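Just below sit the structures, each encoded as structure tokens.
Each of the next two complexes has chain A plus one other chain: chain B in the first, chain C in the second.
Coming up: the complex of A and B.
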């Protein structure tokens, strides 16, 4: 090996850490490219499209109009009514899901007879595709041959069949009920898993100090569960805010738009009416709202000293 | 270590190249594949459509047709979405009468004017050609020439002491009152008034049957007048009185068929396909043999004898399809007189010649339902009204659906609701 070539080798030589970083980067490069391709590119093109007014049709000619699509929606009462309706759906469904999910998780945690069967069967509603879930509940709610009317009539709660989905104030709550059936198991499973990892000694210590069951639950167990609750809440809130498929199947937004949520409105604008620009702008507004909500949760519930 | 690293890089390079190459559309070797999008609703059954595809594939070894089904209410949005890709996901798709203007303008449907033969022109109903024709150009082949019919359960009517079906909507309410009071059925009539296109179809029947119209000669909305308000108020009143099944406000055609098939309604309004399923198919119906069809009633004093809705559809070739000739060949086969005659249980032919002379007798004999549906078609079709052919139809329709629903759920008066919808139509037409 001649001195000159030796010098070149020295120059090209990288430290061990640099080499590792390079290999590491090369290894993640394919997945980075894929992620950029399937998530960033659509986001950028949606943002781009939202700045245009286009006549009907996906490939139609477009005129640049800046942020006019956004300002139109933000000053449109229909938009705010729809946001209000979506928030109602989100708050009621996620709120009830959390309470019920926590109750079921507690129940499983006490290991009653058959708790393993209960835990396994909980997966089923969660595993059913939402669209199938929607179709099932549409049948259940049917006024003339649905199971709900049949059940309530036999129990003597109603004296004749009720057309549930024709009442604007009832229809939304029934969609929420169908969503509960699907999503409570998700929260229950997350919280049950978190409960299983909680140290028992803290509660025992609290019991020795004379705390009753309620105090132990509220002051010891619940704070320990906070990281798991945060995860469940963020995921479910974002999902609930974007609810679409279950509404599409059960009510198609009816009666009289009473179940049109913001995602459904976006779908109508984008695909049914062909307003690509307006639909894209709505998609971005949805993202904005979900980000705000996620931020609020993290502010409220996340403590940096805790590990998720 | 170095060797391993080089191997890793090489491996990654291969993966990346392969993934890029894999994105290129593959040139199909062998038969040209034609992908067809159609609906599973209010027309031929999936079995019938599959059988036609089977016949075609057998007779044309160089073409392979693959067919997919969606519900009617998903069809429009699926077509507009898939047309964004090139080549499009479907070479052939089913287009409703009311979408042809939009699809022609957006460049989705291929202009097939040159492919229409003189034979087709002469032998197919002139009304059928109106479906795919926009601005003098033909953007598809008519396939389903349908309208809504009035169905009644003769057995239930006889129990209530009526020998004949109602000729007017007023008479219908008189009969409904007796049917309800005697406890024969709780809700004598069931409609498809859900927040779907189906509601517009039923509304057209009632509006035109009252002497009204959706649009005037200039294409401006004409439904927010005295006749429109009177008609919509009538609908609301029949729900309040318990003559209309209140669940109608959430129903589409299939719900109507299910309720009617269970004998829970004495009257129903639906497309041709319901007759065979409700009157002859014991798996689908509890009232086989009890169902009759009659001319759609109209309102007294309206000067109308009858009014119905023209709900016709055609098949289009995707304008960007790479296999246009093969696609057209399949459409020609599907809409040919022979195929349409043989598969006429749930859909009558577009061919006028099928309804003439000896052919008529033959057509009436193809399936048990045809003996009734074929003469009914001839009787009812002169009274069928079309919806406006405008490129913004889906949005206009949604506004009118909302108006009907707002009135039916008592959120607005019929007048307020119709005025709001008409204002939207004016705005869209600008």
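Coming up: the complex of A and C.
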């Protein structure tokens, strides 16, 4: 590059940068407008609605009450019971999912006979729509004609048909089982893909150093899998915490409110009781929890040392 | 000897997982081809003695005397297809442009915009639904496929941007530099160079967005009321709400609703696994 053309190149670079900024804004503008309109504006409206007493439906008049909707929850036992129930659902289902998903991923990784067929099969429960999944299990759990009663009776485990979904402590666990059918394969898919990319030489070196199979799994493989496990964990925790669809079809919140989670309570407040203000406050709390988890998730995906 | 035992144990475990996966699906399929009498018999007829396709016929060529829900199911299938396809198309076009800009071009607030978009993807539907409902009623969009397309973009668009960003990031910058030396501007580079090699990314992103839209239940439940806009998940949930439950019809509806996503996922399974590892999640 000759010195005389140097200034010209700088000039060209500057106009290119300006052109980039212009094109960039033009390309991103439609997305930003859509997101502002259908996500940001509504969530701010919801926050605004949550500051009002409004218990006669969506279009009724309302009175400003500040944060009273939030403070009443703090002293409302129903709220705390619902939170507890939601945490139970979240912890049990995410915990079991991770353990079983990891076990299945591990199983596939050892390449037993039929492992490719198993890997493909995992896609099916993941792809079946949530509502279909729920409807299917509801029919399996049916008190009078359900397959679960039929099977357990023929195996001699029960001696007469049992109306499973009318038992408060059983119903929640059956919803969890239906949820597991869908999410265990999902976790297994993610983790088996992660396992397939792990370098083998580290474990071989550990074996040479005298580590047994369990030690190699716990001390070498598990730490290497940590990023994949964390991603799956956060995604599933957010989803499980806001579970709604599958509960709607399997138990509709019953029996005796025993499967009402925080999202379901919000739905009831908004659309069954007409408590728009309280419902909005609840939904905002769910958003807040999600936001915190999202923050953790983004921090995990995009470590500072990596480029965006 | 020890090795054979090892293989036997592992094979048994494989069979166990396969049973857990396929048993419920098998029962769904069997129930859909059973007569009402056989479905309601005790002990259970695991294998139907008189398998029938009547439930499928009821949905696809509704004659007299078939249940109202079965008749309307066909229309809801169409609604689902229309909504999911439109959402996928819009999210792909609008989202991939934004995503390209966010990954490749230097401009102010780029990073905070990307993080902001990722954040909106996580907002739960229930926190948006009341304002969106008020919007729908004010503009006469309640119970129309249009409001579903609009509201579904709230999760589909950030999702598409996110997935495409992960994809664009893997395309070497040198390729674009070469195109620019040859005299292409940014838009030409995007159209002639980037889009053609992004085909796999577009396919997998489109697939995930379509599956998510097909699966969506909550917005459709709140924002629709008749077959004019009802989608398949709402139609299936309604089967259960009726006083007289048409189990055969319900299971048939379930099979039909599951066929498109399951087939697509199996055909494109390569893309599914790579998409999942890129952080894609249908849930």
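As a convention for this text, the second predicted complex is superposed on the first by the 272 of 308 C-alpha atoms of A that agree within 3 Å, B and C clash if a C-alpha of one lies under 4 Å from a C-alpha of the other, contacts with A are read in each partner's own complex, and residues count from 1 in each chain.
The working rule: a contact is a pair of C-beta atoms (placed from the backbone, for glycine too) under 8 Å apart; a residue touches a chain by one contact, two chains touch by 3 or more.
For clarity, every value in this text was computed on a predicted model and none was experimentally measured.
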**Prompt:** When the two structures are laid over each other on chain A, do chain B and chain C clash or fit?
**Reply:** clash
**Prompt:** Is A:163 touching the first partner chain B, the second partner chain C, both, or neither of them?
**Reply:** first
**Message:** Taking the superposition on A as described, I'd like to know which of chain B and chain C A:251 touches: first, second, both or neither.
**Reply:** first
**Request:** Would you check which partner chain A:268 touches, where first means chain B only, second means chain C only, and both and neither mean what they say?
**Result:** first
**Request:** Name the contact category of A:147: first (chain B only), second (chain C only), both, or neither.
**Result:** second
**Request:** Determine, under the contact definition given at the top, whether A:23 touches first (chain B), second (chain C), both, or neither.
**Result:** both
**Which superposed partner A:223 touches (first chain B, second chain C, both, neither)** = neither
**Prompt:** Who touches more of chain A, chain B or chain C?
**Reply:** C
**Message:** Taking the superposition on A as described, I'd like to know which of chain B and chain C A:95 touches: first, second, both or neither.
**Reply:** neither
**Request:** For A:84, select first, second, both or neither according to whether it touches chain B, chain C, the two together, or no partner.
**Result:** neither
**Request:** Indicate the residue numbers of chain A shared between its chain B interface and its chain C interface, in ascending order.
**Result:** 23, 27, 30, 58-59, 144-145, 267, 271
**Fill in**
Per the touch rule above, chain A residues touching chain B in the complex are 23, 26-27, 29-30, 33, 55-60, 142-145, 160, 163, 165-168, 251-258, 267-268, 271-274
**Request:** Under the touch definition given earlier, write down the residues of chain B that touch chain A in their complex.
**Result:** 5, 8-9, 12, 15-16, 19, 73, 76-77, 80-81, 83-84, 102, 105-108, 186, 194-196, 245-250, 255, 258-259, 262, 264, 391-392, 394-395, 398, 402, 405-406, 408-409, 411
**Request:** Write out the stretch or stretches of chain A touching chain C in their complex.
**Result:** 17, 19-21, 23-25, 27-28, 30-32, 34-35, 38-43, 45-46, 49, 58-59, 104, 107, 110, 112-115, 117-118, 120-132, 135-140, 144-145, 147, 150-151, 153-154, 161, 181, 185-186, 189-190, 193-194, 228, 231, 235, 238-239, 242, 244-245, 248-249, 263, 266-267, 270-271, 276, 279-280, 283-284, 286-287, 290-291, 293-295, 297-298, 301, 308
**Complete:** Interface with chain A, chain C side, in the complex: residues 7, 10-11, 13-14, 17-18, 20-22, 24-25, 27-28, 31, 39-44, 46, 94-95, 97-98, 100-103, 105-108, 110-111, 113-115, 117-124, 126-135, 150-151, 153-154, 157-158, 161, 185-187, 211, 214-215, 217-218, 221-222, 232-233, 236-237, 239-240, 247, 250-251, 254, 257-258, 261-262, 264-266, 269, 272-274, 276-277, 279, 281-283
